[in-house]
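Labels run A, B, C, D, E, F, G and H following the written order; every chain starts at residue 1.
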Amino acid sequence: MKKVLQELIDGKLSVDEAEKMLKTMQIVELEDFAKLDTARDVRTGFPEAIYAEGKADPELLKIINNCAKRGRVMVTRLEEKRYLKLKDQLLLNDESLMVEYNPKARILLIKDGEIEKKGKMGIITAGTSDVPVAEEARMVAEEAGCEVLTSYDVGVAGIHRLFSQIRRMLESDVKAIIVVAGMEGALPSVVAGLVDVPVIGVPTSVGYGVGAGGFAALNSMLQSCAPGIAVVNIDNGFGAAVFAATVVKQTIND
Amino acid sequence: MKKVLQELIDGKLSVDEAEKMLKTMQIVELEDFAKLDTARDVRTGFPEAIYAEGKADPELLKIINNCAKRGRVMVTRLEEKRYLKLKDQLLLNDESLMVEYNPKARILLIKDGEIEKKGKMGIITAGTSDVPVAEEARMVAEEAGCEVLTSYDVGVAGIHRLFSQIRRMLESDVKAIIVVAGMEGALPSVVAGLVDVPVIGVPTSVGYGVGAGGFAALNSMLQSCAPGIAVVNIDNGFGAAVFAATVVKQTIND
Amino acid sequence: MKKVLQELIDGKLSVDEAEKMLKTMQIVELEDFAKLDTARDVRTGFPEAIYAEGKADPELLKIINNCAKRGRVMVTRLEEKRYLKLKDQLLLNDESLMVEYNPKARILLIKDGEIEKKGKMGIITAGTSDVPVAEEARMVAEEAGCEVLTSYDVGVAGIHRLFSQIRRMLESDVKAIIVVAGMEGALPSVVAGLVDVPVIGVPTSVGYGVGAGGFAALNSMLQSCAPGIAVVNIDNGFGAAVFAATVVKQTIND
Amino acid sequence: MKKVLQELIDGKLSVDEAEKMLKTMQIVELEDFAKLDTARDVRTGFPEAIYAEGKADPELLKIINNCAKRGRVMVTRLEEKRYLKLKDQLLLNDESLMVEYNPKARILLIKDGEIEKKGKMGIITAGTSDVPVAEEARMVAEEAGCEVLTSYDVGVAGIHRLFSQIRRMLESDVKAIIVVAGMEGALPSVVAGLVDVPVIGVPTSVGYGVGAGGFAALNSMLQSCAPGIAVVNIDNGFGAAVFAATVVKQTIND
Amino acid sequence: MKKVLQELIDGKLSVDEAEKMLKTMQIVELEDFAKLDTARDVRTGFPEAIYAEGKADPELLKIINNCAKRGRVMVTRLEEKRYLKLKDQLLLNDESLMVEYNPKARILLIKDGEIEKKGKMGIITAGTSDVPVAEEARMVAEEAGCEVLTSYDVGVAGIHRLFSQIRRMLESDVKAIIVVAGMEGALPSVVAGLVDVPVIGVPTSVGYGVGAGGFAALNSMLQSCAPGIAVVNIDNGFGAAVFAATVVKQTIND
Amino acid sequence: MKKVLQELIDGKLSVDEAEKMLKTMQIVELEDFAKLDTARDVRTGFPEAIYAEGKADPELLKIINNCAKRGRVMVTRLEEKRYLKLKDQLLLNDESLMVEYNPKARILLIKDGEIEKKGKMGIITAGTSDVPVAEEARMVAEEAGCEVLTSYDVGVAGIHRLFSQIRRMLESDVKAIIVVAGMEGALPSVVAGLVDVPVIGVPTSVGYGVGAGGFAALNSMLQSCAPGIAVVNIDNGFGAAVFAATVVKQTIND
Amino acid sequence: MKKVLQELIDGKLSVDEAEKMLKTMQIVELEDFAKLDTARDVRTGFPEAIYAEGKADPELLKIINNCAKRGRVMVTRLEEKRYLKLKDQLLLNDESLMVEYNPKARILLIKDGEIEKKGKMGIITAGTSDVPVAEEARMVAEEAGCEVLTSYDVGVAGIHRLFSQIRRMLESDVKAIIVVAGMEGALPSVVAGLVDVPVIGVPTSVGYGVGAGGFAALNSMLQSCAPGIAVVNIDNGFGAAVFAATVVKQTIND
Amino acid sequence: MKKVLQELIDGKLSVDEAEKMLKTMQIVELEDFAKLDTARDVRTGFPEAIYAEGKADPELLKIINNCAKRGRVMVTRLEEKRYLKLKDQLLLNDESLMVEYNPKARILLIKDGEIEKKGKMGIITAGTSDVPVAEEARMVAEEAGCEVLTSYDVGVAGIHRLFSQIRRMLESDVKAIIVVAGMEGALPSVVAGLVDVPVIGVPTSVGYGVGAGGFAALNSMLQSCAPGIAVVNIDNGFGAAVFAATVVKQTIND
């Protein structure tokens, strides 16, 4: 600021020019203050993510195409049928952009190449029906720059296979493990009892009767006796991945 | 193993001696396999923690005194009145042990000196009534070897004070922030919108009407639009601290 | 009454005529007493509103057409598909009547011109999915004679845009602000912390897991730490608008 | 700003002086921006309110006595027994301060005279057990500068007495009516069907069985067929009064 | 029994004959004892009622056609579309049988003439959407031999119309009134406050948000301050009618 | 009215006198219209009932003593300890009044003799813990002029004793049976399967785990397969008795 | 019966005598039929069990003393403080009776010697706080004639100790295992995955937050992926033991 | 082990051979330890069961066809429509395999002959709508080697038919009875009151209003006064059958 004022005195700037420059500085500071919340996205490097559910088709297309002009775009909760209906209307002005659709994860990714991977996390599911949520988490985590080791369906194969999978992850130096489980939701507790990295539990809405909606699994995880667990909303693979990636990033910045 | 077998052939070991040695090796391996779950405590260095609620006085004393023979002990959820009743019956055989009681945290710590601190986390509360849960978290985190920056009651002082507190924490290079909040539980979302470290939400059972028991706060946090949040059980300062310390440790081991 | 009795004495009225006149007066008074509840509609000037859900097509058409004979009609919760099916069977005897359909608000309005606007309110939504409820509120509020300033999707654009939108509303002298929000439902608290006009929270059934059905948002709003908030039923844009319009009218009558 | 810059050019200010002045201006603007949330209390003129529940006695006393140094203080949810225990430790440095305690409302008011009343609201309760919540609302509303007309226990006396009480309130030109009701919570609907001012429903935790905790009343009010109702949390007389006072203030500012 | 024994002594019966006769008597008594629960249907004269939901088409047809061989049959919860699909496969062997289908009530009645009516009850609904449940109740009540006075949609027309409808019912000497209401479920309380006959509340699953599923209405009715009300399950028009008919029958038998 | 008008013409009344008389007539009619809701109590002959819970001691005493001046008074939910504390402050001005206290029913009755009994009802409980609610119902029913046959604890004694008790009630010509049951709440269904009089189910808050609060029993009764059942709120012996007495009265008026 | 008839013919019995004898036979048969439900207790050999909670002291003493006249008595849910107050008033007429009180199980047993044990079951608890429920189960199972192997607090000692305890139980040939667990309730699933005997899960009300009341544990067990589990009510050690004993008895009768 | 070591000394084994043999022994023991959980399936002899719901068609087919290569396969929750779509793509390499589909049970069984039956259980349903769940249980129980006696729809036919059916089952020496019931769920209690074999309750999601989803039935069964009942998840016929078969197997092994 002193510099501006001195230049004003020195006649290098008119009063109007000086005022304009000072105002700009002020706005930047003000904006900086108020926009702390947007700065975060820039620093963490997540692409823009669009939640497809609850948006009408034309509206969704418009948002995707607008975002795609600015770069990478991730669209979540986009059912395959809907993707097939919309895909011909996607506008990819930039030739470097490619479309990738993962029907299990229900994610559409418009990308300009591969993201460089800098840290590792693990993703484990108890059963086959938990895989879609795990795949959503995997794609989001990779997009956030993490390498992901997956081990699906270990609940079915017995506890000894779980042991070997966890050993593999620990040896690969994962910094966080996401455990996706429906039904009784006991798997995160078992895993947290075996490892010393943060375990993020994702309850799934798989099941029926008292398990319908995933509430039994959610409460089971919140109630876990093993104290290294934190939990995200039911079926929220996206949130689990962002959280786990934030953990992984702490270890990289060091 | 080959070595043992060779020594047997060489007559350096009798069959009985060889059998005994091999069995020992085998047990070690077996135990190693089965006891993965205990290894964790050793590695992470948490002291033994005893949950006082729901244990009768004589039973609790016996457990504490037994544990104290082996070293540091932390007793959680021990109300001040109960502590005052029990404190004269604590047996500290080792002169190096000291007793510390924090009535807000409701934690009794039997310690043999200060724990070396190796990484940092922040703890924020929305209101005064959330402080006991935050204090529980602070003591557990410190015992787990973390330096803790606290900022209590920021919800009351207005959003600008929250900004400055968060800035202070980020500048101190905290690797995780625990946010304790009852009522509507909105604070973790606000914080997660401003930082790029993992935010662990702890709902508290403060409040009345629809907020009684902390369920409104819990659901609010699970439902948060800001995706860097994971949640622990209502009032579970202990679990939040262990989880956050696990995150912090990831950054130190690197 | 004295006048009637005097005319009776004066022979201007027969006993039968006098009795009939007195009875009529009495009924009017009686009716007036009993019909306090209908008087309200007349005074506040709301058009007749018909809730379309749960009414069979022929039944709904009959009710609409009957009402349209008496003047303006508003039909709420009328899905676009259903409107397209029914629109050719609408009977508009009066040439001054026009049909307006808002697919987002799911409102059909049969109107005879524009309503004069006399006071202002604001409507804010957190996300895109909350817009239908907000649009319902807007149309109802305008029909009730209020000018409406809207600011949709501010939750996405960051807190600094929220500040500028609220400033715009306050400068326009709105007398009430409706805040529509799903998920964690934190926006009304934030708004109520910034303004000194009544804030009416409308939780929406947007979301999944613990947020499904809008209950997390509802409880969050009821539980809000910011004390200038009152709440209506989940997705009840109609009720919020009527309430807010009632508030606005208080300021006009003065 | 131009003025400062001109004075700098004119040599009336040194660069350092100019910089300091500009920075101060900037901070004021920044603060002004960030502290919007505190401005509101100043403008609306509410005294500081302290929620006594969940605060330990020494802590509560300290907060009260600190606040009392700055002027009027209102302490809510302070049970009579607790008040009697604490009252001798209240420090009223200023002789103009007086202590008023209302055991029904469970409110302690430290005041320096009467608040000037500028607008009117009504408060109605269904039964005797709803009176404490209504009294809390009354005291808060009066402290916020509103004149309050009360009509307690009208549910018991029959619908005809309700009619006459409402008529009295309307004739007195109340701008909002708070209706406090437990059990089935039907009273706000009845009132809203009769008046054209905003009706704020306060469910109370009176009752047993399905009505325990006030949830039946809350849901009944949210679900009301009469669309001029908005609702606050169970037993939240404080929130209802602040909201209603905010409504009343809109009519006065005009 | 004495008679049998005497005839045995007199040689009119052999021992075998006597034993057989006594056993038969005993069985009759035993059966009589065990079958108390079937006796009831015979005495109260309800036709067989078949609940259509959850039964596959062939199964349902078989049950209906079997029952129709024995006389009158009532099929409840039979959607119109399903009725149209099945009606040609109904087997009415007896020419005196007629088929009557009420699409609103979703009831199919196979009857052999009109039931003689012996007592009266009233059925009132709050809104249009409550009519299907009310119609179910009406048809069941008529089939149980009661004359039914209906008054639908009185909630909409205002409280003065409710008064006149109730007056009409009381003058007709109804012995019970069924009140069908969704949303906030307040109507049964209002009615019970005006009459001295039993009021049976039927909550309906009309509504959305906190009212979805009819639970707000149910709890409201159970919680009612007016003590002459008893309640049946949500949407249970059938149960309400059987209960009310049982009440009416008490007055006829006298 | 004609008579008044004629007398006016005939000079027997002045205009003022006539006007006054007509107005009085009108008010009577108006009042009559509005006060339908109080008429009911008079006709059904219930004494005034005061709900003791939630009223402070002085307040309760004042209400009781005021009512006692007008005649019989019933105070419900008055715990024995509280009764013993208050009984010396009861003011019975009229010597004909007697005090009766039933500690099981928690009812205080101030009476001027016995009520004449005109019809019969039965009250059955499943277990011992349901007796307080049954006793409340019995006293209220007797006060409403009904003779009551009770059969407590039949659930324990086995189904054959239930049969004999029900037979006894039916032979005594009861017109309604109240069945009080906690836990699984199956008894009302069993009874309704055996009788052809209305069965009123009263769930009780006896039990623990999923049965805590009486909700399992309530839902079980609402869900009953036996269609002659209606239900009142948990523990609401009072409401069940008033409802059953209203049923019994229908049979007497005939 | 033939014999009676022949004796009648032979003149050995009069008609009256024969009728009386036949009626007695008939009643016995009838009773036999109706009392199937009591026969069960006789056959299974359970002592009479009295649930102490919810019974007043004099009432409880009367029931206990009455039962003690007929033989063994078990009183459940009798807190130690209450037992100490009552124990001097227990009347043990028969000298062979002894009193045994287990404060953890909260069971008072009046016995005449030891029950012969005929089959085995296991009881496992996850934590210390689950022990009271397990002890209740143990005492009831022993009283029902089963030998019980217990293994408390295995959740704390780690999964390898669980393995060895289960191995011990299987080697001892237990025919059923009761698993008592609060918090997340995962233990029964783990056990059921390891054994081929029926596993009965008993959720306990231990815990706080989402685990309060035992509902998380209950739902977790009902939702278990391991299909050899059945569940009883929260804290219902009694029911679990009776069920398990019934299972064990099946293997003995063979 | 000694034997191997001795053979090593005796030169019958080389060091390498000995090491290999010892390692194998060790692995066997280790595996044996870790794989306790798979041993169970082998011993109990259940075929592989595949839960069809929540698996995509290609995925499901792949799993079925893979399993069918190893022997018998049971696919549960496979709707008829889906079975018809998939059946032509089933690959049965082995000619001895046969396909059996039960549309009521929604079970597909690929089998190589009949299972030998070794013990008996009974299955009872309250109503027609409970039959699908009962049929699922029956097929699973038969596949587990149990003979099953069924008695469907006894709730409708009256309590005397229930008595005769239960008598038939007891005379056939069933070792467990599964009782499937929706609505109020009272049937298991009635059955458990009559028999001395374990009763497994299966609540069904039949019903509406408070019974929707089967929660009223579930709670009713958990809350049952008859203590020989244990419960499985709503609609979980599979789990009930596995549990009951496990009970039956205990009696056979003896």
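Criterion: contacts are C-beta pairs under 8 Å (C-beta built on N, C-alpha and C of every residue); 3 or more make two chains touch, one makes a residue touch a chain.
Since this is a predicted model, take the numbers as computed values, not measurements.
Peer 1: Would you mind telling me which chain pair, A-C or A-B, is linked by more contacting C-beta pairs?
Peer 2: Comparing A-C with A-B, the pair joined by more C-beta contacts is A-B.
Peer 1: Counting in whole Å, what is the centre-to-centre distance of chain B and chain D, each centre being its mean C-alpha position?
Peer 2: That gives a centre separation of 40 Å.
Peer 1: Centre to centre, by mean C-alpha position, how many angstrom separate chain F and chain H?
Peer 2: 52
Peer 1: In angstrom, rounded to a whole number, how far apart do the mean CA points of chain A and chain F lie?
Peer 2: 61
Peer 1: Mind pulling the residue numbers of chain D that touch at least two other chains?
Peer 2: Within chain D, the residues that touch at least two other chains are 33-34, 37, 159, 163, 193, 209-211, 215, 218, 222-223, 233-234, 236.
Peer 1: Determine which chains touch and list them pairwise.
Peer 2: Chain pairs that touch: A-B, A-C, A-D, A-G, A-H, B-C, B-D, B-G, B-H, C-D, C-E, C-F, D-E, D-F, E-F, E-G, E-H, F-G, F-H, G-H.
Peer 1: Can you list the chain A residues touching chain G in their complex?
Peer 2: 126-127, 155, 159, 183-186, 189-190, 193, 207, 209-211, 215-225
Peer 1: Going by the contact rule at the top, pick out the chain H residues touching chain G in the complex.
Peer 2: Going through chain H, the ones touching chain G are 33, 36-37, 40, 43-44, 163, 175-176, 193-198, 200, 218, 222-223, 227-234, 238-240, 242-243, 246-247, 249-251, 253-254.
Peer 1: State the interface residues of chain D toward chain B in the complex, per the touch definition above.
Peer 2: Against chain B, the touching part of chain D is residues 31, 34-35, 37-38, 53-55, 59, 203, 205, 213-215, 218, 233-236.
Peer 1: Across the complex, what residues on chain H touch chain B?
Peer 2: 1-2, 5-6, 8-9, 15, 18-19, 22-23, 26, 29-30, 33-34
Peer 1: Which of the residues in chain E come into contact with chain C in the complex?
Peer 2: Those residues of chain E that touch chain C are 128-129, 158-160, 163, 206, 208-212.
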